[in-house]
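Each of the two complexes below includes chain A, the first together with chain B, the second together with chain C.
So, the complex of A and B:
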């Protein structure tokens, strides 16, 4: 029960002048319950890679297998139940008259539940995304940007996918919306052991959330490690158009002044903890 | 599916056809169309097809790509072919079941199919080898004389260039939304025609909303840059005829004359 990617390559506009190899010879395995952060420069192939996980894109060579289902096989419906995918700006996919109906859409399409069963699941998904009851009967187009985003994500969560993929879910969200989203994802991962794969631009976000980081560069996986290791080689990251979290740079600067100050700090919480130690025992 | 529409999509390249002046290309393709519609001669029509294929070849656009534009009209072609073959008066050729196939009918079917093919290939070639900006520039220049009789030529050209500009954008958007709804379990391929049409609501609603949002944004952007129509506007790139245009026109006119010869002879 895992995601297995073997020698995956994907080429857009094959055999035309616009031909573009977006993903090249990627091999990796993702286990159940992992929290994976995928980072990389714009155009490095992150979106292309994740769209292979539920068979929206098919490999031009190599293979992708999710829980034993090859994405090229006929069991594509089964696959889509297992893998929930939240696209960039998911609020652009809202279309129903009410929030409630929009969240229900995927559930109706993929399962045949009774009205009561559906209602339970819809309310659970809404709760997971902190959508209050009074919003449920409103038109999704009346909501604020952050609320729309949460409704759209709830529309994916409602089918209870074992694997949840989010492509830059925080783009355009305010800090509070971002924190709330990560709290919800954390909660889902903890209570249901859902695998969460998150594509992001922000090192801070990924460092705080993921326990494994894939760094993509020019269509390949350049690094596949823990946040600790990934942010160690800042020069390498910078050569790929990325950077480490700001507190990591700060930790380095401090270690130049205070001996033995740890440099492997990637979150504000960790920084606070280390600084408190120094302040308490100078 | 959606990606099959080639009309209005530029295929980058560096060929003679790409470099030719848009006015030349537009006029030549119009002439080609006129001839194809005027002539009834099978040889002329075949020559026209050969000529358009040669033109595609010269443009270095893959033939399969240029012919993609035919896919959506395939049904129309088939329909007219079937109608013509079975329901034309004339000398009976042979009979299938109760339907009599006439010699004239078959000929008419072939002619119609050839005509539509040349028509689509010719016009797609213009849009495939000309950027939308140059294309509307060319059209504006060609329509300029109509300004005298108060036709809003510049506005028409502007609307066209906006429309052309947004075809690929909306197409990309459509694909994104289709992907997103497919990921949620939407199914666009099964069911009867009504179910299929209904299954597109989750795509059409977001698409319309985003189209209006884009239109609104564009209007704001144009207004904040003081856009006020064609009066006194100058262009960054002036259209200029070059030697290439002479050569292209020469070759084309020669081809057109060649096409007309069988028409006069027989």
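So, the complex of A and C:
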């Protein structure tokens, strides 16, 4: 079981003056339990690509198959059960009377659970996104931007999909919220072998989490690699509108004054370790 | 331009709550006693966790919301006086957290023209301003497109252009860069810094990106509807534990030296940028050479 994408192309406003090829001839396979980070500049085709995974968009040419289901087939309902999707503007998905009911919505639609079973799941999803009991009884309209985003993510976590796709989920989350989201995803992946696909602008953000990085550029997959390898060529990343972590730039600057200082550093921990080798202890 | 001691916005003992939606629920206390002076020409960054009150504070600053207690005075005008609302909105332009709440036009350039039209700016001047502001944010080639076809980041840029076209004295950006990619964010920040440094435009910027906060003259940390910390970026971020305790973060570079200091090194605690880092490393090397 896996996601198989074969020669996928998608064109918006086909055969009009506004015609735009958003995704061009992409072929790749994602196995169960992988943690994939998709990064790329604005307009590189990330959202277009991932919206094919739950059949929201259909290929103009090529095919997408998820656990054996062709997304062009009639089994859309089954497909949506397998693939849980947090959209780029999840706030638009909120409409119930209370936060609690909003998180519950996805469960009601797809599964037959007892009231108690539902309640346990809803509270667990809320906990994963640090949504307080007090917030649960509020209307989604009474929430701050970041709180709305937490609720929208919880509303997808609660359905416990086999494949979880999140399109720029961290925009609007505060730093602790970001850390907690990644911890929750890590936990879900570890305990349930859920496939996790996360779209981001920031290499730094996904590098610590993903075991595979897809870099998108102008509608194609320009790199399919590991986080370590992806950082090797910072100039290449920059030429695709991305940037490296601050510590990588720091390493480069230091290598100008300390001969042989490694430039392939992309975590704070690695930088601390390298500096301890060259800076005299007091 | 140096306007250093003139007040742009003065908040005194401000309290605000959102009214309960139903009879059996409680009011939401969002701002609980804020005192803050924003000086003309200042670049202020507001930090704080989700739900801490940043957006509410911004809305109080341009008279979208009125304090329940205390006062907000903008450019000498009290926001509680309805007659002032118009004057205040003319001086203080705000870009919202979600651009969909802001975009009104069917075509990008119409949308950008909307603000100056409302201010009664003459058509020829509007044309000039629209072209200029779209150029400033790098969106000229999208002038004739429908806004709903744009990506999230592009919508944010259009919303920013709409405010620039009004030429306000003070610009408030409520997480207005959250959906931009790293270069897009840098472009917008560069524009703001230039307006701030060259034309003395006051900027209030809400962000969850700590590197952006480092560009500010002053940072104020909002928590539970109060301002719990205020100071230069160096002052704010040198308290690494305090900042993390508030659910926030520090720049990576700051964290590197913090961790080294925990291991017994004695680096300064106010290193925020790659340039700062390089400087102290060079100093270290110099000492070492003399020592040897």
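We take it that the second predicted complex is superposed on the first by the 265 of 282 C-alpha atoms of A that agree within 3 Å, B and C clash if a C-alpha of one lies under 4 Å from a C-alpha of the other, contacts with A are read in each partner's own complex, and residues count from 1 in each chain.
Everything that follows uses one rule, which is that a residue touches a chain if its C-beta (ideal position, glycine included) is under 8 Å from a C-beta of that chain, and two chains touch if they have at least 3 such contacts.
Bear in mind the structure is a predicted one, so any value in this text is a computation, not a measurement.
K.L.:
Quick check on the superposition: with chain A as the shared anchor, is it clash or fit for chain B versus chain C?
P.N.:
Clash: chain B and chain C overlap once superposed on chain A.
K.L.:
Is A:168 touching anything from chain B or chain C once the two structures are fitted on A? First, second, both or neither.
P.N.:
The second partner, chain C, only.
K.L.:
Could you say whether A:94 touches chain B, chain C, both of them, or neither, answering first, second, both or neither?
P.N.:
first
K.L.:
So, A:156: does it touch chain B (first), chain C (second), both, or neither?
P.N.:
A:156 contacts chain B only, not chain C.
K.L.:
Considering only the touch criterion stated at the top, classify A:105 as touching first (chain B), second (chain C), both, or neither.
P.N.:
After superposing on A, A:105 lies in contact with chain B but is clear of chain C.
K.L.:
More chain A residues touched by chain B or by chain C?
P.N.:
Between chain B and chain C, C touches the greater number of residues in chain A.
K.L.:
Quick one: classify A:114 as touching chain B (first), chain C (second), both or neither.
P.N.:
neither
K.L.:
Report for A:17: first if it touches chain B alone, second if chain C alone, otherwise both or neither.
P.N.:
First partner only, chain B.
K.L.:
Give one of first, second, both or neither to describe whether A:51 is in contact with chain B, with chain C, with both, or with none.
P.N.:
first
K.L.:
Between chain B and chain C, which residues of chain A are contacted by each of them?
P.N.:
Common interface on chain A, chain B vs chain C: 18, 141.
K.L.:
State the interface residues of chain C toward chain A in the complex, per the touch definition above.
P.N.:
Per the touch definition, chain C meets chain A at residues 18, 21, 25, 28, 48-51, 55, 97-98, 100, 149, 151-154, 175, 178-184, 208, 210-211, 247-249, 251-253, 255-256, 259-260, 263-266, 274-275, 277-278, 281-282, 284-285, 288, 291.
K.L.:
Going by the contact rule set out above, which residues of chain A touch chain B in the complex?
P.N.:
15-18, 51, 54, 56, 77, 80-81, 84-85, 87, 90, 92-95, 105-106, 109-110, 141, 155-156, 159
K.L.:
List the residues on chain B that touch chain A in their complex, please.
P.N.:
11-13, 62, 65, 176-177, 179-187, 201-202, 205-206, 209-210
K.L.:
Quick check: in the complex, which residue numbers of chain A touch chain C?
P.N.:
Those in contact with chain C are residues 18, 41-43, 47, 88-89, 91, 137-139, 141-147, 150, 168, 171-178, 201-202, 241-243, 245-247, 249-250, 253-254, 256-258, 268-269, 271-272, 275-276, 279-282.
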